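I have a structure here, written as structure tokens, and I will follow up with some questions on it.
Chain naming follows the written order as A, B, C, D and E, and within any one chain the residues start at number 1.
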Amino acid sequence: MPNLLEVRDLSKRFTSAGSAFRKARSMHAVNGVSFDLAKGRVIGVVGESGCGKSTLARLILRLIEPSGGAVHFDGDDLLAKSPAQMRRLRARMQMVFQDPYSAIDPRYTLARAVAEPFEVQGVTPEKPMTDEVAGLLEMVGLNPGLATSYPHQISGGQKQRVGIARALALRPSLLVLDEPTASLDVSVQAQIIGLLEDLRSDLGLTYLFISHDLSLVKYFCDEILVMYLGRVVEALPDTAAPARHPYTRTLMESTFEPDPKKRRLIAPLEGEVPSPFDLPPGCAFVDRCPNASALCRSETPALSTETGHAVACHHPI
Amino acid sequence: MILRYTFQRLLMLIPVSFSISVVIFMIVYLLPGDPIDNLLRVGSSAEDRAELVARYGLDRSLVVQYFVWIGNMFQGEFGQAIVLRRPVADLIAQNLPYSLTLGGLAFLFSSTVGMALGTVSAIVRHPVLDRFMRGFILLGSTVPGFWLALLLILLFSVNLGWFPVSGAGGWQSLVLPVLTIGFGGVALVARVTRVALLDAQREDFVTLLHAKGLSSGTILFRHLMPHALLPVVTILALRIGWILGGAVTVEFVFGRPGLGSLLIRALGQRDYPVVQACLLMLALAVMLGTLIGDVAQASMDPRIREKKS
Amino acid sequence: MAIRSLDAFARMSIGRALSSGIGMVAGGFLILLVLVAVFAPLIAPFDYADQNLMNANAAPGWPHVLGTDEFGRDVLSRVIYGARTSLSVSATAIAISMAAGMTLGAAAGYFGGFFERAVMTVVDLTWSFPDILIALIFVAIIGPGLTSTTFAIAIAYLAQFTRLTRAQIVRLKRETFIEATINLGAKPSHILLKHLMPNAMAPVIVVGMLAIGDGIVLEATLGFFGLGAQPPTPSWGAMMSSGTAQLFLSPWVIIFPGVAVAITVIAVNLFGDELIRSLDIRDRLRGA
Amino acid sequence: QDVTVAFSASELGATAYNPVAASNLNTATSLIYDRLVEQDADQSYHPHLATAWEETPDGMAWTFTLLDGVTFHDDTPFNAAAVQTWIASYAGTENEYLVEAIASVDVVDDLTVRFNMERPEPNLLYNLASAFMGVPSPTAYAELGEDFGVTAAVGTGPYELQSFEIGLETVLVRNEDYTWGSDLSENTGPGHIETFTFREIPDQSTAFLELRTGGIDLLLGVPTDFLAILEAEANIQIIQMPGTGISYMPINVTAPPFDDILVRQATGMAIDQDSIVAAVYGGVGAPARNFLISSLPEANVNPDLNVRYDPAKAGELLDEAGWAMGDDGVRVKDGKQLSVDLFTANSTEFTRLTQVVQAQLAEIGMEATITVFDSSTIRDEYRRNAHQLAVRAYDWNNSDILDWFFSGNRVGYPNVSMWEDEEGQRLNDIAMTESATAAERVANFTAYHEYVLSQHLFVPIYQPTQNIAFNGEAISVPDPVRGSRFRGQSFMDIQVTE
Amino acid sequence: MLSVRDLGVAFGMVQPLSGVSFSVNKGETLGIVGESGSGKSLTAMSVMGLLPLSGGRITGGSVEFDGQDLTKLPERAYRKLRGGRIGLITQNPMTSLDPLQKIGPQVDDVAKLHLGLDGAEARARTEDILGTLRIPEPSLICERYPHQMSGGMKQRIVIAMALAADPDVLIADEPTTALDVTVQAQIIRLLDDLVKERDLALVLITHDMSVVAQTCDKIVVMYAGRAVEHGPVEEIFDRPRHPYTQALIACIPRGLDDATRLTGIEGTVPTVLNYPKGCPFHPRCPRAEAICATDPPEFSVAGDSAAACHFAEVANAQPA
């Protein structure tokens, strides 16, 4: 399978505005992230809040400008595109957002929201617009009768479906899903995940799936990237692969099984997540790592280029 | 911490003050008419005029005039009033106390009464009281000041004879002006207090305070009030300039001196130095108000203290 | 822009505002008032400028229902025509102020950075300065009359609209749907005109509505200083400023326009409150 | 023992108690300073600091004998030397015109001075009686310089300046040493009242209420429209005195359509002075027919020149001038409507009067648009020649006011009519400088006045009365009031009622 | 220790909670699970007697604590219990502390109020408790403001406040929802330890079935303002009898045994304003019949557990 997406050494540095009294502080929200995503695959990105997952998604879609690195989409170097070219390209790479509640303009009817992609791209759909909209709504499991509703009249799960319909309107090949179910109830989350699975097989979509829920990622994805404070610390080639980075291990142990018979002994409390503004030298996980050594404190481990299962650790398990 | 913060805010005011001073300086040149004309004897010659122009330094370039002016201002040297023929500083010194007393009292009145009303209406959620408050607040923003002043005079001075109609004599002469200015302020402060308290009551931490077993009174005074104070302080601080200069109407009706009246009068007579000095004083008050507001907020709210420093 | 913005959403809200009891009464009164102002020549029983010195200061009665003033002019007719002046001055001023404030605020909010800081500093200053002083300075610069009153009121309220619009834009810019629309490949103009502005508008329009009330009061105050409408054009403010002595001689000359101002402003406020409630934008008004 | 007085509206805003240099003085000035002579209501002159005077037959010298034993508030003596320094101090001031005719002052002896004249000046006594010729202490005057009249004011008057807050109030305290009151007052010794507080109340309505509620005891200058209300109040008494001024409407002769004398004449005939007196002023005061108050002999002009209401004639004149009546009641000429600007100052009295004028102009087909200005801006407008018609008033009881308002030297302001005319200037010069005797002066001014009238430069409207109201329960006021105005001499006789 | 019987709550005309029963003993953890809006927090508020704050009232049932019915307790006495013998931990640590006050005094208050300690004693106790919660350098933390701390730290402070007066019952309303998984694990462990060490009765409210499975002894499943099933945790997970419970368990993605496919539950969660008549779940229930739409089901007891379903027995026959 050819790669639909190739991300190389992507970085983003945020700088807080300094003033006469305060030094400008900067942080790496995303630091040297590289991976490939083959057509038709689903890659999952997990990590704790603030580790840079959403920033990564925005960088890939070039919604924000990276500080370094490269993104190739279907062979095109995205960063070399002019704004106008970029706008056209967007039709092929879409995103579903974490918060369905604010993902639709409150003044737009669902029909108008779903038709907006065509308007924006200047594309005339094959069918009449109303039919096209109805078709899209049906595709995501919504009653086309809802077309005249406003967002505030429908539930969160339904809003998320509208968000997906909008993203799919222009037949993209890549869909970036940024925690699409995080703000939904479990029963609704299951609906949406089911829908995404169906769409993937029906439309041959490629997904970049972002989540903080390891079990969900394991359920949904083919490969998994584990991020910690802006870096990819481990790239699991498949969901069954055993964790080799201590952080991934911690993450897995913190995830409970939905089965009272499989209770586990939770490891005792460990240190705090360091502030991204002043990371310790060396490995960022060092303060919470049981295996930390002097080397870990001085040298940042690189993501091993070892084929298949890459890990950024001096002492992988 | 607070000192440092205050100092930083002060430094930040420098560029702002500079731009304001330029604006003020320019406003005066936008005014039609010429104070020299007011000053010239009728039928006097061009030389007389040139002489006066030179005497007041109006013949130099605007930039030079500006720097001379701002330099003088810095030394507290407000110059000589052209029409009123006395040091501007004297005029300010004469009028400012009136503005400060009136403004201060109105300020005190509207903040205390307003906060009390707002608090009561926020905690006693009674439909009748609610309607009364709404009506009162509405009235406060509805009735033009001069109109209210007239009605107050009619009632308290003419019919009841409790307070003098006008003037700046003893405390009695302050009552009606303070009431007039304070009325709108009371409504404003009451509204802000009420909203802020109701907002604060909805915060999660309040639930937890109740869950700790604290009494409603303790929660109100120890925890909710500080939160309600924040916006009230902001509003009040912003109104310092307002109260000093915005009392013109009231000063006019009650025949009181004050910064506002002085400004209006000087404006009418095109007395540049006085206009400039008055505007500068007001701008200073406004900036001081913002500063006080910011510092007060920062001293009450650790989050602000940190974010802004 | 204001008319176009009356989309289905806004119509719904106005409908909802009108459907509450208070909202209906207040809204009905305002509509009536506008009609009176527009059709003043048809409604007013007399010419507002016709003097009849022999019948000056006549008490309310017949044919002068609200009495006559010191020139024997019909007070009712003057109050009716005064609605015209007061409403149109205030509404025009607020419209100008709103247009300018929205442009400035949107630009400041959208572009941010130094431009934003510069705009906001200036605008904040005009805000914390007493509005009556701003008005008086303005009148001093361009001279008395309705034009200058209009501009003075417009300037006095500029800050409010600028701040509000900016706050809305800044808030909206962070909303997911904006990012989503950018991600669809939308141009900045599309974002600004189709999403940001329409969404920012609702609270600005409501505040504008409320400001019309304040504008009427400010017009009245300027009238009190003799700086508003020039005689014999009636304006409520000018009529109210006839002085205390008039309260003894012919109180109706002062009382009726005063009552007109009070009722109108109260109606504007009540209706505005109702709109705020039905648009559910109370929180959005607070931030600014 | 304290009496509070409110100034009349026209007296507000005096910036200094400096009779020599100030352009604006108020009644309190007349209590701080004494004048050499006083003028009574019948225009006769009475001795005060000068006990006697004598004019040489050719009018080229005046000798004044001064009162003995007079001291200034700073205890320096009042004598011939003081008068000499004082007259000299007018040089270069706004009020220099008052002493223009005096070439030099000789000290004859300690209590005798001689004024050597440039030219005969029949108006000299009038000038000396004016408030602007109160005598300040030369020592203090030299010492204080610019501050004279601001921080301190030193005269010989019955009251001393205790405090002066500009625009607010002036407090005067009794001069206990005073024994030299003029014969216009009953009381020539120290005043009956210990302290006079003069307040500046800008809003007439407020002043009225203050009087009504006892906040003030005496209100100088009651607007005529308040008279009816005041009369209804039991405790308030009113004194009416003949007025010393005229309300009128200057016409800008340089601004079309008023460059056409026919239009100007017609405009004059549009104003119904009688009905204005009756309706606007409730019959108090008198219609003005020409530019001078009727008590001045120069006001007796050829009756044909007096301005009278005659709308029919006005219409004819306008027709003749080519302004035909249009359908909407506004006259038209060459497709242009007869629309003019009518300026007025920002005070209730003026705006009222102006609105009536506006309505009366409409009757003859002239549409006037009113603009209300504050007094300073309106002056700028005149200077800019931006006006057409205006409603104004002046307060002056001497015919030299004609020179003030119509001299070609003062076009713009105060010559609001913008009138420059050779013949007019010639008559003006004669009247001002070439009259040797009083009778000659009257004749010259009458001629000038008549010429001015013939040019239709203004429309006279109204001669107000001076109205003084006081709280009869608190004070008593001399009756009848002597002097041309209610000032110093009358205050001497004010007493507190028991 | 604490037992709730047939609790009902109303706000004006709406009745968002009815028929909730459960009980919990010392050393026991009770889990209350349910989706958003199902009434979990309302239950907690009712027990704390804090409903009047939001304008609600208890319309029926009882809340028995240590033998007395709290619903009849006067406010003054209730205040002694709150924070004293019953502690509350709220959902969002970010907003649960007064941002304008330092941490120390906020925690001190509890000991001062309920244990009658003076300032220094209360502070000593505060530092002590913060220490047991493994907060480093308690004395320094006491001088900090809430905004200076991480979410996990704040949640521990809230727990410290709940523990300061040595309560018998702790009610934790979604104590970990706002936290990251690693932090969640720490907090859960902490609560677990506390139950064991202090012999606490813990009511753990959550929407996360995995958390319940990890920590609870008993659970109550809530749906649309009603308890639909309750019983020992193993039993409910092994043999859920209510179709809703079954569906809920089926909704959990189990990454490792990748056999099932997630479909979710058809339809949407009803809101307070349109709670269905009869069985609240019937519009979404695959097994619903006519009776479900009309008659609210009674609890059918089987062993220690009970399910409110007309077809509980049938359901039990074919576990999910």
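Rule of thumb we're sticking to: a residue touches a chain if its C-beta (ideal position, glycine included) is under 8 Å from a C-beta of that chain, and two chains touch if they have at least 3 such contacts.
A quick note: this is a predicted structure, and the numbers were derived from the prediction, not measured.
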| item | value |
| --- | --- |
| Separation of subunit C from subunit A in steps, with touching chains one step apart | 1 |
| Most remote chain, CA-based centroid, reference being subunit A | D |
| Two chains sharing the most contacts, counting C-beta pairs only | A-E |
| Centroid distance [mean C-alpha coordinates] between subunit B and subunit A, Å | 53 |
| Subunit C and subunit D: spacing of chain centres that average the CA atoms, whole Å | 45 |
| Inter-centroid spacing, subunit D versus subunit B (mean Cα positions, whole Å) | 40 |
| Subunit E, residues touching no fewer than two other chains | none |
| Touching two or more other chains - residue numbers and ranges from subunit D | 203, 206, 209, 374, 377 |
| Touching two or more other chains - residues of subunit A | none |
| Interface residues, subunit C side, partner subunit B - complex | 121-122, 124-125, 127-133, 136-137, 140-141, 143, 213-214, 217, 220-221, 224-225, 237, 240-241, 244, 247, 254, 258, 261-262, 265-266, 269-270, 286 |
| Complex interface listing, subunit B residues touching subunit D | 32-34, 37-38, 41-43, 83-86, 91, 94, 153, 157-158, 161, 164-168, 252-255, 257, 261-262, 265, 268-270 |
| Partner subunit A, residues of subunit C touching it in the complex | 7-9, 175-177, 179-187, 190, 195, 198-199 |
| Subunit D contact footprint on subunit C (complex, rising order) | 49-51, 53-54, 56, 70-71, 140, 143-145, 225-227, 230-232, 242-246, 248-249 |
| Touching residues on subunit A, where the partner in the complex is subunit C | 58, 61, 63, 86-91, 94-95, 97-99, 102-107, 109, 116-117, 120-121, 150, 163, 166, 170 |
